[in-house]
């Protein structure tokens, strides 16, 4: 089954987007708008939980925000001034509704909902200990581990129990929690996954990206800092920093591909960073050519940067269908090979006989690159020089990004020259790691204390990988395979 | 909204039916057939869990077995030689899918699925204690309490932990549990709810009623005894009796209305018992009349018994639509009063000018009786003598039967004479409690040690009602209101 | 695929029920109720057309009335004081929505909707002529032929064009037509299919059976006479008799099986007729036995009649599931043979060792009879004497009843003695043709001018069968195979 | 209800796309792919009809091609080597399935299916005449008029009857017809709507745009010429030209907005034409500015052309959500005003303090322009100069394009200066009519015999508008309001 999903199989995939609002009259409608703006961070399922001062209300659905959370009856079923939501893409193939966040539990302190962006790297080990002590998990999500740690903590106040729980987990987490006492937002000490704060009227908002603030008309205040816990309640807003300070390492791939170009991440415009990566590429790897052509849409900003730096004209040499947001399962085996162009079509009149600089954001498996190169050749391109706006992706991510196993990462298997041959490009070049850091405003990557998590490029993981190292796969989850049919 | 549900609002409603099979090649298909035969015990939702030797598989759905569990894809998704299932009607209005049984949990001993018919009378109290100790509940079902008690028991073997859990609960439970080590079936010490055993080939079956054995072609072996735990595994079948012996008190209303007439319950043919109740009614409350007419379909066996005993001809004076199994929401306010006859229509040619003995199984609120009497009058009946094949229903059930609060039970509010006037009958009589026991083959009800649970007639409850007595309603569940949309 | 459809494959099937109302405020809601009461006449699809004085509104749906026409939004979309509707079972396998009646056409005189119960026996021939002259058919329904004949008639008034059209068709038709000028109801000259008139307040109703009048609270006025055209309009009610008078021959099978027992057909109570057939059977074919057992539900009235006449007790020896109204597709090949009892289960305790008189309404293919006899044997019945409340069904119907081809009619292939052996009955007897007429109040069947259409028993068809005789099957419809997906 | 439909309410909307293939093994799968590539020409409904040498097969569905025609079961239900399909957007609000093309009729010559892009300007008048003579229409589509004219033509051969029919209609039509004898493709004498021919292997293809050839891997042969009838059959391919020759006038708006940029229309690359319009705009209406920003996605090619001509940098100042292909109904009244940014979001970091040239393809009502200008102002833009890549749209189209009534066309109500004030632009300019023709390779518009239909800009309609001039609206269609529910 070839599909036309805009975030195709040949990209790394961000797993989640989260959004919470405290103190707005139409809280759940705002969350729906915010999640729609974060839809690129997870297309598989979505959920919203609201709190009306007396009860919690939840709605979860497989599929997109539009079509599920734009219905009046759904929003009316989510009353209250406080709400949070989650969009997800699952890594594990576990697509059951019970895994759709926000997760909810009734603790002795009252209801507790949590939306999580990231991935814990010791969740399995903790889960085994908790089950041994009688805990019953309702999902296969690592997020539920946090809830059980809070539930069984021996501290007295909810905040202390929450901090106690966080101190036992390792990995990446940006969290938005709802309790009757207030909304809690926090980021792991390294700040691997993003989380920002905004304000609209008297209401406070937390969201994965600033575009979600834009869509609801809110003002961007600041990011939640790595290791910071922010609590919004009737008593106002408070900040806690319970962890020992460490040097933050936010995910660099948010800038390369995950975040929307109109977002501000780690203080920088994503569009601007991507243009600067393109300019860097042009400086590091110049080439004589007639046209700069992006692989749409993710390659466009870098292509504009490359064109402006190099003086070679920017042109739409590949046209992307408006309708790729929907999956198109190709009918019939015999026509399966025809379908590449459902998503992308070459602009033949433009390309015929031309020397092309083709810009893409990254190469994962390389399968799409092979098809696009072939399409450009069929359209008559004289030369195609492929330039990639990130370094070679050589390592898996364990912090909430869906990466193929290493054996399937093209750059883990081949040299750049081999890749060029495999893909069929006249030349192939990647931006350098230091070039990428320069586009982000740094002088270079500081060895030893790198400013970002760039493990997918460098293999330099900022935390232990306990589950990877200590838990045998056979010993991992053997949970129920659940199906729910409409 | 008036509906044509065959088990209308003016009946007590059994809440559940359960079915499990161990050792059959097409286990889940057998469960689907068995649940279909038990559909009258719960029309709201159904679920099946199977075990294929390595993993558990589950499917749950709102609605009937037919349409949900007769699909090849669903059955193929439930592989293995072991499976159990559940049909339910909910009492609480909580219709979320997460409450649909069998419930499942991953314990430290492995997967554990449970299907429960009955209701615990101290579940809330136990739940509050468990939550205080860090347990997280995934449903509002009292059944989940049992799972948490097993999970947190300090005994070593699963069987000992299971017995430990059962010793802490009070109320009615017939359970079928699936574990990797075997299938466990048990009944509470009083045997309030039914459970039978059957065999087909090398496979063992447990089911709420014998009709479920008939439908799959299995042989009826015996009932699971009150207080008995039966375990089927690779090591064969074993029986345990961990409870102190008490005098059993199975539910007498299974004979009056819940069970299908072709089932054998407590060793008696339900059809035969109902005919004998009808004969008893004729002896206790004779009347001169031209026709004996049942309220179809539940009044038919008693009406045949009454007719045979009295010599008055049995006639179908009320015709029941074939299509009442489907809910018909009456369109438009203006026609709402017209809809009585969607379900039942008077056979006017037959009734005109006649003296009628009308037989019904029970009176709960009396609302349907009023309409039926009016319909018979409109059809020209000269006299209508209403005879009820059970004693007056004066008390609520707390053991897994949906009863209106006492204030809505007609017999709790009026004398028999007042009821006759209210309903509009020329005369009204109920079978006596001793008459009912006689129809069951007893000489009479033994005061002090009655042979059945007849609390709905007598108010004599066989267990403590801890939650009723000790847990304030306001202090009860404040859980999440969850919605799932297809 | 074995199903539990209450009107199983081993019965003749009425194809349609129709209902129209003129002058009621909630016309379409009344039609929905009326169609629900006629649901037994067609379970495959339903449609309603209303007229609000300016525009026609239509709604059609596959499936039952309940679930489709009990929705407020549907009824609100069918405004006006005039409406008619149709339930259908299709004979041809053509289940496309475009065939769902009432059919509608915009004629030069304005809108024209028609609901038809029956079947024309020269529709194909007429259709070929019409297509040759440029007519474009939108359905495969024979009913559309009538509309084209009206549209292309050269007469001036709509009534004259309608009569002109009817004079060209042959076969069976009870019609309800809606035009801006009034509602037209008519029956073919032989009155093969039924049609009755009723009144509620100022509104007039036409319906296939009187039960549809009962359900809406209307009074039964009279039947529409064979060959009569009744027009209801602002000018009141008028009757026309444009056909040469012939001796009517209404369908006798309406009394045997099609109509509901609480309907009045041709002036007789269906329940009463069926009981008298049962009594006739007992007189014609007595047998010594312990119990009279009906095949539920259709055999019940005849069984009561048999029991009363013979003095042998009537007993429910076979229990019918409440849930057979829903199709249950048996999951898995291996369990397919187990499913007989999904619909009917033997009451073993009652039958064991007994001599049974088993009463069924008719035998078509005999497949169900074989299974039921086997089930009774398995339950321990000592003898089973099968008595059928109709003569042997030996001929196909061409007047709107779904009959298997003759080669599949058991009675067309075997003698009664052979049938008894095939079915496995100790004895088998059918009521005689004259006995059937006697149960209907006649002295006997009048040869030459029989009082009913009994062609399915006698082969004596009351009209030409032009399409059968003159149109080669290969030359018949080659229309579009249309699919509509939800 | 504000939606995020990519072709928003403030654009003219092409109504149809058509695709037919003759002689391919997987004909219907090819049609599905082709229609997906033409999805931008009609998102409301789609249909495919196939011919397997003996029977026609049809499938129609509301909604997109993806999700409806990418299912194996659907394609398997459309067997044969010949198939044609249609995507549509309806103008009239009549969204019933019966209007979804291809329409089909059984003529005396056999089956006849037709897919139509365009609109007849005398369909109503012809329809009234046909109904008066007894024709029964099944749809409200003007296309059906053609079928009835063919059916009732007195000529002998199908081709002669087809030509007879076409000679009686006036307006715009590109047609693909399927008959057992061959596939017929034709274009009206003026060639108002496009139609091209392609080839893959031995199969011939007809399609609205060349992108549909690209997606299936076919070679573009040539366009079907204005007034040409092409017939493909077992006997090969034949061309007929039955009409008196006139000077063609293809729709100029196909180049401005309707066609995909990667299509070749009237011999020109659409992308190239749009870039040249942008360059023309820059020459005709230069302005000092910092950035050229397109309204995505339709304004992008003209913006690139403007940027290259003017030397001002091209930048993505407005980011378009990937998910606007799905309708997002904004939940809750209170947040309705927030939703503009669901579709478009300003790239604030880039725009702040800058002078912007904003490029859009056209202005219809102006509502979207107002919102976008406000969004750019909010983002800090110092100046916004709006440049439109088409002349002012001042007249309705009657040839198959959904245009608002004239009173709602902003350019019909205001001068350009008034429009600039209304929209809030610092300056506003449109490309001139002659400039548009120059971008298409002409020297200028030839008055009297213009090379294109540009009636929406000039009011110079190339045909009579009979229905507009002669048929009173009240006298127009009063057909059935049909609803079909899934």
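Descriptive notes on the structure:
In this document, chain identifiers A, B, C and D correspond to the written order of the chains, with residue numbering beginning at 1 in each.
Following the convention adopted for this analysis, a residue touches a chain if its C-beta (ideal position, glycine included) is under 8 Å from a C-beta of that chain, and two chains touch if they have at least 3 such contacts.
Which protein is which chain? UniProt says A, B, C, D = Amidophosphoribosyltransferase.
Being a predicted model, the structure only gives us computed values, none of them experimental.
Under the touch definition stated at the top, chain A and chain D share no contacting partner at all. Comparing the CA-atom centres of all chains against that of chain B, the greatest distance is found for D.
Here the spacing of chain A and chain B, counted between their Cα centres, is 50 Å.
One inter-chain figure worth recording: chain B and chain C are separated by 37 Å, centre to centre, where each centre is the mean of the chain's CA atoms. Annotation: 62 Å between the Cα-based centres of chain A and chain C. Counting partners per residue, chain C has 74 as the residues that reach two or more other chains.
Going by the touch rule set out above, the chain pairs that meet are A-B, A-D, B-C, C-D.
Listing the residues of chain C that touch chain D in their complex gives 49, 54-61, 68, 74, 77, 97-98, 104-108, 110-111, 131-132, 134-138, 147-148, 151-152, 477-486.
The part of chain A that touches chain D in the complex is made up of residues 4, 6, 25-26, 28-30, 32-33, 36-37, 39-40, 64-67, 69-72, 74-75, 211, 214-217, 260-262, 264, 269, 271-272, 297, 300-301, 304, 308, 313-316, 319, 321-332, 334-335, 338-339, 341-342, 345-350.
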